[in-house]
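A, B, C, D, E and F are the chain letters, set down in written order, and residue numbers restart from 1 in every chain.
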Amino acid sequence: MNETRALFVGRFNPFHLGHLQVVQKILKNEDELIIAIGSTQQSHTLTDPFTAGERVLMIRECLKEANISLEKVFILTIPDIFRNSVWVSHLQSYCPPFNSVYTNSSLIRQLFMDAGITVKSAGLFDRKHLKGSYIRQLMLKGEEWQLLVPLAVFNVIKSINGVQRLQNIVQGTD
Amino acid sequence: MNETRALFVGRFNPFHLGHLQVVQKILKNEDELIIAIGSTQQSHTLTDPFTAGERVLMIRECLKEANISLEKVFILTIPDIFRNSVWVSHLQSYCPPFNSVYTNSSLIRQLFMDAGITVKSAGLFDRKHLKGSYIRQLMLKGEEWQLLVPLAVFNVIKSINGVQRLQNIVQGTD
Amino acid sequence: MNETRALFVGRFNPFHLGHLQVVQKILKNEDELIIAIGSTQQSHTLTDPFTAGERVLMIRECLKEANISLEKVFILTIPDIFRNSVWVSHLQSYCPPFNSVYTNSSLIRQLFMDAGITVKSAGLFDRKHLKGSYIRQLMLKGEEWQLLVPLAVFNVIKSINGVQRLQNIVQGTD
Amino acid sequence: MNETRALFVGRFNPFHLGHLQVVQKILKNEDELIIAIGSTQQSHTLTDPFTAGERVLMIRECLKEANISLEKVFILTIPDIFRNSVWVSHLQSYCPPFNSVYTNSSLIRQLFMDAGITVKSAGLFDRKHLKGSYIRQLMLKGEEWQLLVPLAVFNVIKSINGVQRLQNIVQGTD
Amino acid sequence: MNETRALFVGRFNPFHLGHLQVVQKILKNEDELIIAIGSTQQSHTLTDPFTAGERVLMIRECLKEANISLEKVFILTIPDIFRNSVWVSHLQSYCPPFNSVYTNSSLIRQLFMDAGITVKSAGLFDRKHLKGSYIRQLMLKGEEWQLLVPLAVFNVIKSINGVQRLQNIVQGTD
Amino acid sequence: MNETRALFVGRFNPFHLGHLQVVQKILKNEDELIIAIGSTQQSHTLTDPFTAGERVLMIRECLKEANISLEKVFILTIPDIFRNSVWVSHLQSYCPPFNSVYTNSSLIRQLFMDAGITVKSAGLFDRKHLKGSYIRQLMLKGEEWQLLVPLAVFNVIKSINGVQRLQNIVQGTD
């Protein structure tokens, strides 16, 4: 593998402008990129309101909109395995080989470094507003969130009535 | 299926007077009712102190006490599947066919509506006191809870020393 | 518990005349009976073609047809746990208390006896023809199987187009 | 969704010329295609020797080689769920919406038809030789299999020393 | 079994001086002791930072240091089963037979008593400081924790850079 | 780690004289040995009749009988994970660090070599008779098997009535 292939991991609920910035930055340095969507067995929860398929569609439509060639990007889904000690092997089995990992998470950094894999910083962007949990809070409160995601993502969420879904999920236990 | 068959879902920890009111109300409108007990793999926890078998027994004894014919009611147990996107299919596989669903939960309403199944409101009752979490709190504190459940349910809980069990469950982690 | 309550375990794919004979025989000796349907997470396979809900319906309709009161019989569903060493505890958690177990299976007999629970023989009937695997073979070959099951069971299987389903399941891997 | 999007399901161990013919045929009739790789939690077994990531890479390289635009094809991975009754919902949650399914499997046909989804025949090709199990047998025996797969697939298998891996997997139990 | 064999259950993240006191006390009364390490599928989390293997090594090195013969002690690992109703059977299947259980946990006491097994108090020690959660808090804050664990445990944690690992685990979601 | 620590993996149903020879041979070359018992969630089946705890006891009693110090040997239990691609990481998380692996299995050899870990041959012994499957066949048929296992193992199997258990397990489905 003379070409470089990098990995970028997230749950992408939803894929937002910060994620897009990271993708664009990585593609300046690397030949190919794997966008690995985690927790794909989850949906219809407060932290993971969207299905794996919906998240794939959001990212794909966003890449097309941003004129990023799908020849250079893998969009893959990684179900949770609930075992940190095997998570790197698990993720590797779902991906083609890669040379480096971009992440801002210290846990993911730790797990990959323990496995002897190069970890690079995903770089800085506006982490206060460009953050999944913040965007979901805005959706729940019925406030403005649209400008924090690419237009293509907004369109997917609108087509599935995603804000209404998230609001319906808010409920206590019995 | 010319006759109507409705579904009523809950965890029933324990089955209380509010649940009984719902059952009685539904049976005025429908020929048959499925009472689907959820989270049946759980027991001996703060939210699910009772086993599936104990919950079946509570409901059955209560129906007998209330002169509701067991010919009209299915009491079925549904283990959790931890995947909201397949939960409706999962529940359907454990039940005979049904025409409508009664629930007050907006998440369950959402999931069934996504699957194209009619959802009706389970109706109003005193949700402040007739609520599983409230009754379990009273049990934990050693306060009066008996009047919030049918007598038959009280007798089952007493026979298994259920209040003591719940109090023993309260403990921190390591 | 002064009254006796017995357990009868099977997969019931489908519930046949041999099963019905056992139920009738047990109810001569015991006050109540739990019919525990196993492997209820399975369906659409060669050994378990029917869903849990379909099996519940077969048994219930059959009991009504045979004038066996549902006040005396629990019909419960037990998902597999794939751990023989905990299977008895697992099954007990899904059932109300019982005094004895009827089975012809030497493995189930072993597991219950290890747990100190009384095991009785389910008695003899025509095990060559009244056997789930034999009836499913007849269905697959398009031969006569109807006389081996109660009429109510036949009607349920017909209503779900069960023979066609079983034939569709027959297929090799990749 | 005015455009059509079809689904094609398989395990693709490995992706062979028959699969490629099906993909090319479907893309004549449909705007977009989802290639859904099943059993992706498996690898290093006789029926599933390749990892999910390796299978993704095989298919992707093959599409590039065949000049099929990645703008028109989703390559997605679907772990097994071991519950036929929820399999369609499970698969749907991992995919963007689709209008039709192409398959030659009668079980998959049955499951989708039960869910009310249009199923089309994947069409005929040389099923004696263009079959995963046959190709894996050739690999095991050290016979010629290369001409049954696209060149790009051959190159991926060679790069991972796949034939040797398969031969190492052959072993009895304890 | 004329000799007595006792059970002591914990997660041991990490094994501390309070645990060692319990072990020494039990071995004054019993011929053999099983130290059963729970939640062994977990690692790299705030409550379970260490792997099963690391916890085994900590305990074993500590016993050697304290001149406790390994001929008298079993060190066994018990993965979680997430089903309280079968937990005792699950644990028993991973252990040789034992006569009694030492614990300070009221839930574990309840579960064993329900199974008819003798439960003894693990005795008192300084539960404010000799507590896993307290020691992990000290590690997170970079404060002194070393004196709360046996020297052998400290050496194992140092060799795996355990404090740094725990600090890396602290991170929010998405 | 200046000292060497080797790994020896098996299911040990039961631990036989061939296994003992391997252990003795390894301990001539290595400072410490981990005996890793696999498939420990299984019991009461034809391939895994004994529980994890019974297998631990067999091996431990056998080591004592053979005057092998328990200071040099770890006896650890490894539940199946049903994912070959993560199995090495899974096993590593249950063990202290080790330098080399002894096995006669080509699959295990493949998996460890893929992970960059040294694999050595476990050496030759009488694989026709000293083989778990052969010994279990003798038990099933009621023939002589005692001379193929260490006396300590025979005593454990006798104490649990293991041959009778195995014979009871033999039964068809439904």
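Just a few scattered comments:
In the analysis below, a contact is a pair of C-beta atoms (placed from the backbone, for glycine too) under 8 Å apart; a residue touches a chain by one contact, two chains touch by 3 or more.
A quick note: this is a predicted structure, and the numbers were derived from the prediction, not measured.
Under the touch definition stated at the top, chain B and chain C share these contacting partners: D, E. Looking across A-F, B-C or A-B, the interface that copies E-F in more than half of its residue contact pairs is found at B-C. When the interfaces B-E and A-D are ranked by C-beta pairs in contact, the top one is A-D.
Taking each chain's centre as the average of its CA atoms, chain A and chain E sit 37 Å apart. Chain C and chain E have Cα centroids lying 43 Å from one another. Chain D and chain E have Cα centroids separated by 46 Å. For chain A, residues touching at least two other chains, in rising order: 43, 51, 83, 85, 92-93. Two chains count as a pair here when they touch; such pairs are A-B, A-D, A-E, A-F, B-C, B-D, B-E, C-D, C-E, C-F, D-F, E-F.
In the complex of the two chains, the chain A residues touching chain B come out as 41-45, 51, 165, 167-174.
Across the interface of their complex, chain B is touched by residues 81, 83, 85-86, 88-90, 92-93 of chain D.
On the side of chain A, the complex with chain D involves touching residues 40, 43, 51-54, 56-57, 60, 64, 70-71, 74, 76-77, 79, 92-97.
Here chain F touches chain D in the complex through residues 10-11, 13, 47, 82-85, 105-107, 109-111, 131-133, going by the rule given at the top.
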